[in-house]
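Can you read through this structure? Questions will come right after.
Just so it is clear, A, B, C, D and E label the chains in written order, and each chain counts residues from 1 on its own.
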Amino acid sequence: MFNIGLYHYIALTTILFSIGLYGVLSSRNAIRLLMCIELMLNAVNINLVAFNNYVNMNDLSGQIFSIFILTVSAAEASVGLAILIALYRRRSTADMERFNLLKW
Amino acid sequence: MDHLPVASILIILPLVYALILPLLPNRDKLLHTFSGVGAGLLFVLSVFFWLATAKHNIPVYQYVPWLPQLGINYIVGADALSWVLVLLTTFLVFMSIVASFTSINKRLKLYYSMIFMLTSAILGVFMARDLFVFFLFWELELIPMYLLISIWGGPRREYAALKFVLYTLFGSIFMLAAILGLYFLSKSIFGDGTFDFSRVSQIPHLGLAVGAQILLFLGFFIAFAIKLPMVPFHTWLPDAHVEAPTPVSMLLAGILLKMGAYGMLRLCFGWFPEAAHVLAPYLVLIGMINIIYTAGVAMVQADLKKLIAYSSVSHMGFVLLGLGALNAIGFKGAVFQMISHGLISAGLFMIVGTLYTRTHTRSIAEMGGFGKNLPTVYFFALIIALASLGLPLLAGFPAETLVFYGAFLSHAFQSIPWFGGTHLMLSIQTLTIISAIGVILGAAYLLWMFQRVFMGPIFPKWSDLKDAVPSEAFVLAGLVLPIIIIGFAPNLVAGQFSSEMTAMAAPYNHIEEAHNPVTTQTIASIPRSVIAHKKGESH
Amino acid sequence: MFDLSSLTVMSQQNLFYLLPEGILTLGLLVVLCLTIFNPKKTSEENYALMQVSLITVLLALSALAWTFLRVPVITPQKAAYSSITIDMFGYLMRMLILLGAGVTIAISHRFLEKNTRIVSDFYVLIMGASLGGMLLASSNDLIMVFVALETLSITSYILAGYFRRTIKSAEASLKYLIYGGMGTAVFLFGLSLVYGLAGSTNFQDIGIALVHYHGVVHPTLIVIMLMIVAALGFKLSAAPFHMWAPDVYEGAPTPVSAFLSVVSKTAAFAITIRMLLILFSGFAEWAVIWGILAVLSMIIGNFVALKQHNAKRLLAYSTVAHAGYMLLGLVVGTSVSVSSLLFYLVTYLFMNLGAFAAVIAFSTLTQTDEITAFSGLVQKRPWLTFGFSICLLSLTGIPITAGFFAKFFLFQSVALAGPVYIWLVIIALLNSTISMAYYLNIIRLMVVKEPSAEVEAISDSAPTSSALSTALSFCVFATLLLGIFASPFYQFTTLSVQQLAQQRPMVISQAIFQKK
Amino acid sequence: MTELIQNIWLIPIYPLIAFAIIVLGRWSKILPQKSGAALVVGSTFLGLVHTLLFLSAWGPHYEPISVSAPWLHAGSLTLSMGYYIDAAGMLMLLIVTSVSLLIQIYTHGYMYHDPGYSRFYAYLALFNFSMLSLVLSSNLFQMYVFWEMVGVSSYLLIGFWFTRPSAAAAATKAFLMNRIGDFGLLTGILVLLYFTWNWWPGPVLSFTDMSGAAQVALHAAGPVGFTIMALLIFMGPVAKSAQIPLHTWLPDAMEGPTPISALIHAATMVAAGVFLIARMYPVFTISPVAMTVIAWVGGITAFVAATIAITQVDIKKALAYSTMSQLGYMVMAMGIGAYAAGLFHLMTHAFFKAMLFLCSGSVIHGCHDEQDMRKMGGLWKHMPITAATYLVGTIAITGVLPFSGFWSKDEIIGASISQPLLFAIGVVTAGLTAFYMFRTYFMTFHGEYRGHSHPHESPKVMWIPLVALAIPSALIGFALSGQLGLPSFEHFVHYGVSLVENGPNFAVMGLSMSFAIGGYVLAWLMYGSPKLISPERLKTTFSPLYELLWNKWYFDNAYFWIAKNVYLPFAALSAWFDRTIIDGIVGLTASTVNASGGALRTLQNGRVQSYLMIFFGAILTLAIVLMWIV
Amino acid sequence: MENLTLLNQISFWLFAIMMIGGALGVVFHKSIVYSALLLLVTFLSIAGLFVLLNAPFIAAAQILVYGVGLTIVLIFGIMLTGDKPFVDPVGQERPKRYWLIPGVIAFAFMGFLLWSLLSPNYNFTAVNGLFLERVQPSIAETLPGVQAIIADGGVTHIGLLLFSKYLLPFELASVLLLLAMIGAIILSKRQFPEEEAEGEPHVSQDLDGGAMEGKSCCSLNEGNGNLASENFDSEKETLGVH
């Protein structure tokens, strides 16, 4: 149809980001929530790589940025799961509705 | 003598006492004597310094740069007006500490260190010559006062203490806004922002618009009005007084109210003459309300201390009246009222305190007929009550006279501009006359209280009361003596700051000349015969 | 085909400045190995490990001082391929972060002894987090910002959940992780858009690129700024983005709350100031957003704190409120206001750490931090009460404490920017009056009230850890003396702000700064 | 020696020194119990001697001397104090020193057994100090100062037996009533000063320049303003001399010990009002309206007081109303311009009224504190001297020929010829005076003794002053009437060109004397030995009139009503307003802050996802706000 | 040449649709396991996109790190925490699922972003065009040896940049991963029973009066989490203070 430009990617990342956002805000299961956070981070990755590709071909800082995002988000996901397991051992549930002990 | 930083010594000395106290062993007798002697020394020292400097008119001024980048420096000094209030402060602190020998018995270390911290804060306020230092000491006196009321106070003490602190703090917001406004103006006019009194006071004369002057005037005025207290902001005073222990309420009534009045005189009226001239009608109107309204409220009070608290609110209304008169007489009357009210209200609270330590009740209904078996207390109470009525030959009278004469002879305003361009046809003369009615109402509630408490048959319950203890008698005598001396020879005190007052009233002189009813040519038109008649009058 | 000499370019020039970070990493690893090789975890070893980590931090501090004195920074230089800048501002911030980390380690030891068996890993994480914070404070590259921010955040999530046995700590860390993850995601989206506009991740290049968009009303820029402000707001716990703070502060172990309230906030302020002055100095909307945030956090911080009955939660809201006061300096943006902001940050560090140290000391004695439990403490622990009261008074801004001076200088510089800003000052003052109510309430309880059951239960013999009491008295003396002897610190902050100003993209006219 | 006599201001200082000695001495228990009398009597005697020496040294033509020194300086206002002595001043000085000397001697006997003996003498000394200073004051301000001092000493003395609630209430009432008068005087002074602000050649408000000042004030203020000022100043004497609107304190003042009633509420203090009018005559004479008002106030007071005195049963209250009536005469005299006659009556009245009070004192002393005349009677036999002196006094006051009352009172009535209505009131009141005076005489001294204690003659120290006072009250009127070739009273005391041709006008005097005798006959018929007309029957026939008089023309009830239903409710309302409205607003702000805190707190509901919703919601709202603003 | 671009377009739309579908599946699918698998699908399609954006190394890394590593970790997580849909304790009505508000917020967020980034008069190219010609060589490129290597845009360039220009972030990332590992171990390691026996020094002070369900609810549904039930002493619930 027409040439794939930068705006396709930006549109794509925004949609993905919003889906991730919706997932985070509405999911009951903590694991699903972590997944949606990963989705959002991936959206940012696409964004960066797209910008790198279309805006500044000869300096791959965008891609390097996305590499760092890759590694760090993986670390974060694993820590997230560790925390979730620790919480699960205490509360034996992963339901986000139940994690409202600290309030007011 | 001039090389000695007199002002800083007087400010720092009480702090030193406050720091030494926690280290002393915890024996009550020792703590009492230490603080008593300390306060006495402070008073003697201040008198000595005053004599050494004021008499040889050595200026007391100290300039220490503190934070040059922001134009903040520690400037402290004392002119005649500050000296009078400093002496009043040290004297009342000495009296209240001697008074607390009998009325305070728990946690003395904390108590006395708080009192000394309070003293240094108040001395700091009176001797500050830099807005930053003034604001710093102004805020510093909050915490000691809070602790003094909330630990040794009466049943509802915490509510009263918190109310006192929040009220004053609320007021100091507007003061800080005004200070920063001045700082901003000084930045644009002098190039570098400054807080120094001498330079900041020049700003209004360098063509500051009257609107800005009024705004700054009001900024300062709200903080001082709360402290004065002025009527709409006065509800903290009765609570604070009723709950505070006797020596603390002596200090509160004796000195703290004067900080508001001193600030008004020096800052508001000293620096913003045009704004003062514009706002004078409203001040005098509120001053009059202050006197009449609180006199009415005091009439029906059941609690003795609350009655006296309202009476001091009513007396401070005279200060407003005096200041609103915008002439040297009014200013001097206001300062005189500060001093005499300081002594009188401290005396009144001392009387209430001595009664309270004996009867442990403050409601007037339960009291009666103390005159019989408390003769010394009766005698002192009589003199102090009469002084607070404004009886001649006692301290209250010269103050009230100067305020009335000053206000009546002033031409500050003939009518009060009210909303929508209408004018309230209340000239300063009519307002003074209405305030003079306050003198009658004041006499009414005070004498009625005196009659119910001291006169009449002795209640069986109180038949075994003992008369005043030497320390109480010493305090009462200490307060009554200056009241009588000032009453008999007011010029002794008034003379000290008269030049100061005329200087302060200088910017308002143009009001006097502008419209003076009896100009010289009217005298010339009086038929010669009458004047001649005067000569050969009673042959 | 690829001569390695080019790579060496980076080594000798920049390593010198990164000495403190290096020492910290080294210390980190040393403590880690020591913990691995002593499974017995007796209290003496734990104490020894604490001392090791404390020594590392002190070494890092001395290294910082040594590098500063050895090569005085007259003009800001770039290091490590300009991914970090070395300037007075960086030195000040790194010093604050190290100080915060050191005090946290000191005050946390006995607390951890009592509550968990794995003690030494705590110090490793603290050192890791402060390493991230230090690099964040001096970073000059988007990637560097991201990675440093993530080290700081991820270690904080773990620290928050350190007492994994207790539900509160686990829940706090989960909440912190999720909220933080979202914050990072938004931040990254914003950074990617910035990268999209500027084509480079280096601050200087981005600054120059963004110059073109000055004055242009541009939704993309608004989106970018909103996202970055949201993320930084989260890190600073500024008002609408502060929801995580009370829960995490209450749930996390108190030393962690202290660490979060001081180190992560200082690092966040550092990066915010850098971004303000280098990237977005020309944009008016930036000041408007921060203004709204400042007012909101002051109001929410003070109003909600009135109703709190848990000491840590109250301190959380107080940090929100203080973030609001500090942001005022940012909103005005003149060099005087930013330097007063930095001075406020210094005093804030001491008073906050002092307050948290006191809460820790109290909870080690009584196992609770309900405010009502504090009543009557003066009878049992007069010095603790005195210290805590001084810190609380300083948080309110009562004279002769540093808090008063800091607030006065800040409001003075804010008012200097123009009469319209005086309204901001009045709002701030109204809020600090309200803050008086709840701070004084604690002092009232401690000094005036009769001892509560918990206080009664404190046995006079109960030992307070020497490290904690030294740290507490250090903070209290600092709070008392910092105000009076403020001018050396003030010179330091003014110099650092001037150096920051030099790094702004040259093209922008000095518009913003003649308001100074 | 001569300049010692010259500085006449020493006279008030002697009692002040006595006061100080007694107070300090008694407090420190050095002074012996009953030494109060010696000190005070000595000081007053010294004052009397000093006055006489000064009078003799004052020289033939009695030039007024005025000396003053600055007392309080402020801005352009300098208030000063000093002494000013002229004929009227010398007259008052003589009266005060002589009468108070005798009364103080009498008090020694009367108060001997009272525990507050030395306190009483201290108050007496204080009173003497303030009264003498008032008389000698050189300017209106100084007079105002001692005006209030005198008010306070009367407060102290009325409330001497403060354990009795009625005495305490009477003292407060007296002081407040005087305070209202002082308020009027103060306002008057202020208005005067306002209009003559920088005209005063010498010290401000000094009496020497008063006439010039009056002219200037009239010129500046215009007739209406000037009259208001004069009436304001007149408010002072109205309160002090117990004229109509502010008179109810005098009868209650009888709660005080009898010597006080004699000294203060008969001879000296109440006369101060008239003295002030005399001093401020140049101001009053200028405005005719003021003069008529003064005259009429005097006249009405004389008449009303006389009518009330008829119904009184307490001997002291009767005498109090008679004092009020005689004061009304003096004020009327001043009002119609009879300056000399007013002062002449003041002098004669001082002597015989003091004596009458002292007689009533010895009667009460004799009947062991019994004051109700219905329980007395036939005391002639037990107290011959008191009865005799009382008779002399009664005759003097009614104005029968040889005695002093005739000359002074009838001279006033004579002078009031020019205003017929006042003349009528004067004459009728003279009749009434005779009636109620002889009524009291007959009820106490004639008939048989109705009380149940056994009265006895009072000791020597009490009846000597009685006799000493009886002589002047009998002869002084005649001596100074100008008939005996001695220089008449006018020769000494007159005000400039006397407006009314004075000198006894015998026709008028004869008429008023006949009225007096009529009143005597009526009293003799009702209360004397024949008892032909029974008072009870009269009471029933004229019951509404009797009720009116018995309730003292309802003044007291009116004042009490005003206090209770006007002032106290206002005070209660303002107290309520203060407590609920102003405090309410403060409390309201505090609770709103708290409530909003609570509301914001519930925002924190513990769910991370709702936090994040707020997070992104905030971003969106900020975006909208920014798009809208920028 | 044009079939190459055609291939590009087709594969772009293919990957895009797979990605969006996968993302929606992750969010809306009832069972957690399926959503994990769909996540894998999304990751792979993103890797494909990377290839299209000529970033082969990133695509490979994506597949490795996310596709393999993360998905497996998530599956572990699911296994540990039970994949049955949540059963609410008896008596407590199911809290309604929040879907309206998040939906509105997410949709508004997307709308705003799309409008601002893509709308014609504000689009990127208009802005970007302004900028394109300015491209400045970053410092790394100026280094002599580097010029040659950039040409092939491949992995060596990334490696070079990684170890020259971004060495510090790299080192810091390594420290970060180390710390994350320590943290994960601390938090989730199951202490051996005997160590557990002497247990944590229990800090049994129930903190806030506010949280009603602190104590009661946990003991209530202790039963249903069968998979990971430890031999904790459930009754000594430690709310713990810190």
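Quick note on the criterion: a residue touches a chain if its C-beta (ideal position, glycine included) is under 8 Å from a C-beta of that chain, and two chains touch if they have at least 3 such contacts.
Treat the numbers as computed from the prediction; the structure is a model and nothing was measured.
Q: According to the touch definition, list the chains common to the neighbour sets of chain B and chain C.
A: D
Q: Whose C-alpha centre lies nearest the centre of all protein C-alpha atoms?
A: Smallest centre-to-centre distance to the global C-alpha mean: chain B.
Q: More contacting C-beta pairs: C-D or A-E?
A: A-E
Q: Roughly how many whole angstrom separate the Cα centroids of chain A and chain D?
A: 98
Q: Return the distance between the CA-based centres of chain B and chain D, expressed in whole Å.
A: 35
Q: So how far apart, in whole Å, are chain B and chain E when each is placed at the average of its C-alpha atoms?
A: 69
Q: When the C-alpha atoms of chain C and chain E are each averaged to a single point, how far apart are the two points in Å?
A: About 27 Å, centre to centre.
Q: List, in ascending order, every residue of chain A touching at least 2 other chains.
A: Where chain A meets two or more other chains at a single residue, that happens at 10, 17, 20-21, 24-26, 30, 34, 52, 55-56, 59, 61, 64, 68, 72, 75-76, 79, 83-84, 86, 89-91, 97, 99, 101-104.
Q: Indicate the residues of chain B shared as contacts by at least two other chains.
A: 166
Q: Where in chain D do residues touch two or more other chains at once?
A: Those would be 601, 604, 606, 608-609, 612-613, 616-617, 619, 623.
Q: Between which chains does touch occur?
A: Applying the touch criterion to every chain pair yields A-C, A-D, A-E, B-C, B-D, C-D, C-E, D-E.
Q: If you look only at chain A, which of its residues touch chain E in the complex?
A: Contact set of chain A toward chain E: 1, 3-4, 6-12, 14-23, 25-32, 34-36, 38-39, 42, 45-46, 49-50, 52-53, 55-61, 63-64, 66-68, 70-72, 74-79, 81-86, 88-95, 97-98, 101-104.
Q: Give the list of chain E residues in touch with chain A in this complex.
A: Its residues touching chain A are 5, 8-9, 12, 16, 19-20, 23-24, 26-27, 32, 35-36, 39, 42-43, 46, 49-50, 52-55, 57-58, 61-62, 65-66, 69-70, 73-74, 76-78, 80-82, 86, 95, 97-99, 101-103, 105-107, 109-110, 113-114, 117-118, 123-125, 128, 132, 135, 137-138, 140-141, 150, 153, 157-158, 161-162, 165-166, 169, 173, 176-177, 180-181, 183-185, 187-188, 190, 208, 210-211, 213-214, 217-218, 221-222, 224-225, 228-230, 232.
Q: Going by the contact rule at the top, pick out the chain C residues touching chain B in the complex.
A: Interface residues on chain C, with respect to chain B: 336, 340, 393, 397-400, 404, 408-409, 411-413, 415-416, 418-419, 422, 425-426, 429-430, 433, 436-437, 440, 444, 447-448, 486-487, 490-491, 494.
Q: Within the complex, which stretch of chain D touches chain E?
A: Residue list for chain D touching chain E: 606, 609-610, 613, 616-617, 619-620, 623.
Q: In their shared complex, at which residues does chain A touch chain C?
A: By the definition above, chain A touches chain C via 10, 13, 17, 20, 24, 30, 33-34, 37, 40-41, 43-44, 47-48, 51-52, 55-56, 59, 61-62, 64-65, 68-69, 72, 75-76, 79-80, 83-84, 86-87, 89-91, 99, 101-103.
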